[in-house]
Amino acid sequence: MTLIRSKTETPNTQKLSISLLKSLLKSKTGIVGFIILVAVVVVAIFAPILAPYDPTLINPTKMLKPPSWIEGGDPSHLFGTDNLGRDILSRIIYGSRVSLLVGISAVVLAGIIGMLVGLVAGFYGGWVDMILMRLVDSFLAIPNILFALVFLAVFGPSVPTLIIVIGVTNWVAYARIVRGETLSVKEREFVKAARTIGVKNSLIIVRHILPNVMSSFIVISTLSVASTIILEASLSFLGLGIQPPTVSWGGILSDGRDYLATSWWLATLPGLAITVTVLGIIFLGDWLRDVLDPRTER
Amino acid sequence: MSESNVVLNVQQLHTSFKTNSGYVQSVKDVSFQVQKGETLAIVGESGSGKSVTALSIMGLIEKPGVIEKGKIELEQVDLTKINDKEYRKLRGNDIAMIFQEPLTSLNPLFTIGNQIAEAIKLHQGLDTKQAKVNVIELLKRVGIPRAEKVYYSYPHTLSGGMRQRVMIAMALSCKPKLLIADEPTTALDVTIQAQILELMKKLKDENNTAIILITHDLGVVAEMADSVAVMYAGQIVEFADVFTIFADPKHPYTQGLLNSTPKFYEKNEVLQSIKGTVPTSNSMPIGCRFNPRCPYVTQKCLNENPSLKKLDSGRQVRCWLVEEEGETLV
Amino acid sequence: MIKFLIKRLLEFIPVLLIISFIVFTLVFVAGDPVALLLPEDASQEDIENLREALGLDRPFIVQYGTYLSGLLQGDFGKSFRYNSDALPIVLERLPATIELALSAMVVAIIIAIPMGVWSASKRNSFVDLFATGGSVLGKAMPNFWLGIMLILLFSVTLGWLPVSGRGSWMHLILPAITLGTGIAAEMTRLIRSSMLEILSQDYIRTAKSKGLRKFLVIYKHAFRNSLIPVITITALQTSTLVGGALVTETVFSWPGLGQLLIQAINTRDMAIVQASVFVIAILVILMNLIADLLYRVLDPRIKYN
């Protein structure tokens, strides 16, 4: 019992965070990822201070100005302007807010749903498990983006629907891990013993299942924030995600597509923002996987 | 001992592995010779450097491993000096190897016939049809029933003993001058072990093959070997013919090994174990490498590593007690 | 073999049932399409009549039952926009999507196999660094952006390839690369890690001890073995591939299922949406079955039971 309990004791978590920090300093890509993510978070939080203009401010006198370092560029608009004369830099800065908000909230929601489904399936077994696992199969057979598109078509696009949609489509990976862990924990002697003496299921979940799935959870969540940001951008690009006047990277990109022949920066720069952000999160996630979850292959 | 009979001549072999904290020597200053038709047993616990010695001879030491020093002469050709292509011509042809784990040493996705024929086609330039005739002949020779059927079987359908026979057939397919058998019977049942050893003996007598037998099982040594090299922590500590080793072991480690093996003709004996474990390559003791476990350890043993001293009748021992007291040991 | 196939096909039934239920519920919640069918000035009575005629006034369960029995007869409902059965319209667009998906797969394989194998056999070399770095980058780029960047370079700036549409093989190149890159990135990673594991197996040492050339050791003895997990996981990603195809089609105006679907969603043509979801789900399930069969062929150890 002592061995098992020690997993959740505080001195170890403190030690763990110190050793995590040490190994982060050793991993070059981990550090790059960490720095990128911190930078994006700071930009999102302080967008009103950092952005030189109101991202929705239309300026008919400065339409389609190229970035300032290019001939014909306007020094007051670093990344140029769009077809309505809006400042691209400001739009990209504000776009980070939606990406992070949707990315993180949707992943939290997916984690909660997946955890519940996995626990129920693992604990109750039998036909409940069978039905839930068929549900998992069904979700695997429909591409995430297709499900999200149908859902958005029905409920109409808005930030909350987007979060719910992506959360509801992404829970499968969590459910599988939690179910697997629940099944194996259920079979262990001390859990059987605990149950026979009437220990509550909730206690078993908190003591034995959560600590064991935590590291996989952190790794999957990090990597899903990356794929969620791409999914949100894709939906916004298709016109079914974030709607104007709210600024999103996918939306800016979609606007820019029509001016590809004349104003390349409109479509290029927001895509670059997405790529760099996602790259940072993947770096961080891969590093976390190496450190926390040695079972999974790189 | 005429020169032409020597098949393999290993001199001062040093093999190391590069780690984060510099080079770690896993084989240090190993020398021995094997003659035609002779079986040399290399004995030692795991971690003593037996398998690394074998892989060095096969030329299969890979990065971060490297042969630092020494000669490996196969019929007067120094294998440490030839290039990759020349080595490939020898491997599976002049030198062949049998591995410890017959269950995992065959590729699960190809038939037995395919895997044995591969070496024959490569080294003898035969086509598939001719190779098949040879393979079936080989399978029969190693005592596999229904060889034609086994030719088309996949490894997972055969038992461990059968798979080891297949490995032997594969190793012998090009009539090698030298066969290295790395723990060939360790993974097998006792009855199967006896059969495999019997088979190896028979095949050796037929072809006059030189064999290096790597094992930790002294029963196997007694059964098979002509001479014995005892390895400890990357070095040879005692070298002698098989009768001498069993009748009059000189090195305390050899004595310990023998005392820890049951003998069927001695009743009521107490089996002894050698206390402690083989030191890892990066925590070698100063002085004699066996000193932490040696019952006769002296101050000198703690300071200096003894050299391998040649005694009369060709035997060699690496021990201060032998150096100082001549041939008599406590 | 036959028994195995039947068993697997039977497993599809509950999955398809669940999908039908989810899709139907969503459409039911979406509200009835009557308002879209009638002119804006239609009277309340006209609306009621049409609702009754279409059976939209009946309870949920009854409507679902009718819907299911229709599905069993291959009736996926009528498209309000095209005013004809939805399924033929969807199936008509399928070949274009399959063409795009298969070409992307070919692109992915051409990139991923040499990269994955090479980087695994020369671990920590420059090639390895390039392959692992490239695969992370390939995963990080949204494919619609990659598509736009390719258009910008090859169509707008260089003028070598057409911007959009379907027709000659020239039209296929950019969409296939766009969709193939993400798949290639994931595949390279998979092949690399699978190869690394296989290369440390005992039978690889056996193959080397026979004197085989490194090329043969890698391609005959290691590569085929490493493909087994790669095929399984790649098949599981069919769904990602099809999802990517939907987006790629929009970027390149490729006249496939994706384009049809986006239009249908924008015009709330739910019969088309439902039929597309079904066709895509069946496609994904079939791909998984094919992969399952394929790795049984590759691995003689697996028996059909």
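Here the chain labels run A, B and C in written order, and each chain numbers its own residues starting at 1.
One rule holds for everything that comes next: contacts are C-beta pairs under 8 Å (C-beta built on N, C-alpha and C of every residue); 3 or more make two chains touch, one makes a residue touch a chain.
This is a predicted model, so every value here is computed, not measured.
Because contacts link the chains only in sequence, without closing, their graph is best described as a line. In this structure, the chain pairs B-C and A-C differ in their number of contacting C-beta pairs, and the larger number is found at A-C. Inter-chain centre distance (subunit A to subunit B, centres taken as mean C-alpha positions): 55 Å.
Note: centroid distance subunit B to subunit C, computed from Cα atoms, is 54 Å. The distance from the centre of subunit A to the centre of subunit C, with each centre set as the mean of the Cα atoms, comes to 22 Å. In subunit B, there is no position where the chain touches two or more neighbouring chains simultaneously. Looking at the complex, you find that subunit C touches subunit A at residues 14-15, 18-19, 22-23, 26-27, 29-30, 136-137, 139-142, 144-145, 148-149, 151-152, 156, 189, 193, 197, 236, 239-240, 242-243, 246-247, 250-251, 261-262, 265-266, 268, 273, 276-277, 280-281, 284-285. Residues 58, 60, 87-93, 96-97, 99, 101, 104-110, 115, 118-119, 122-123, 154, 156, 167, 170 of subunit B touch subunit C in their complex. By the touch criterion given at the top, residues 134-135, 137-138, 140-146, 149-155, 226, 230, 233-234, 237-240, 250, 253, 257, 260-261, 264, 267-268, 271, 274-276, 278-279, 282-283, 286, 297-298 of subunit A touch subunit C in their complex. Those residues of subunit C that touch subunit B in the complex are listed here as 201-203, 205-213, 220-221, 224-225, 298-301.
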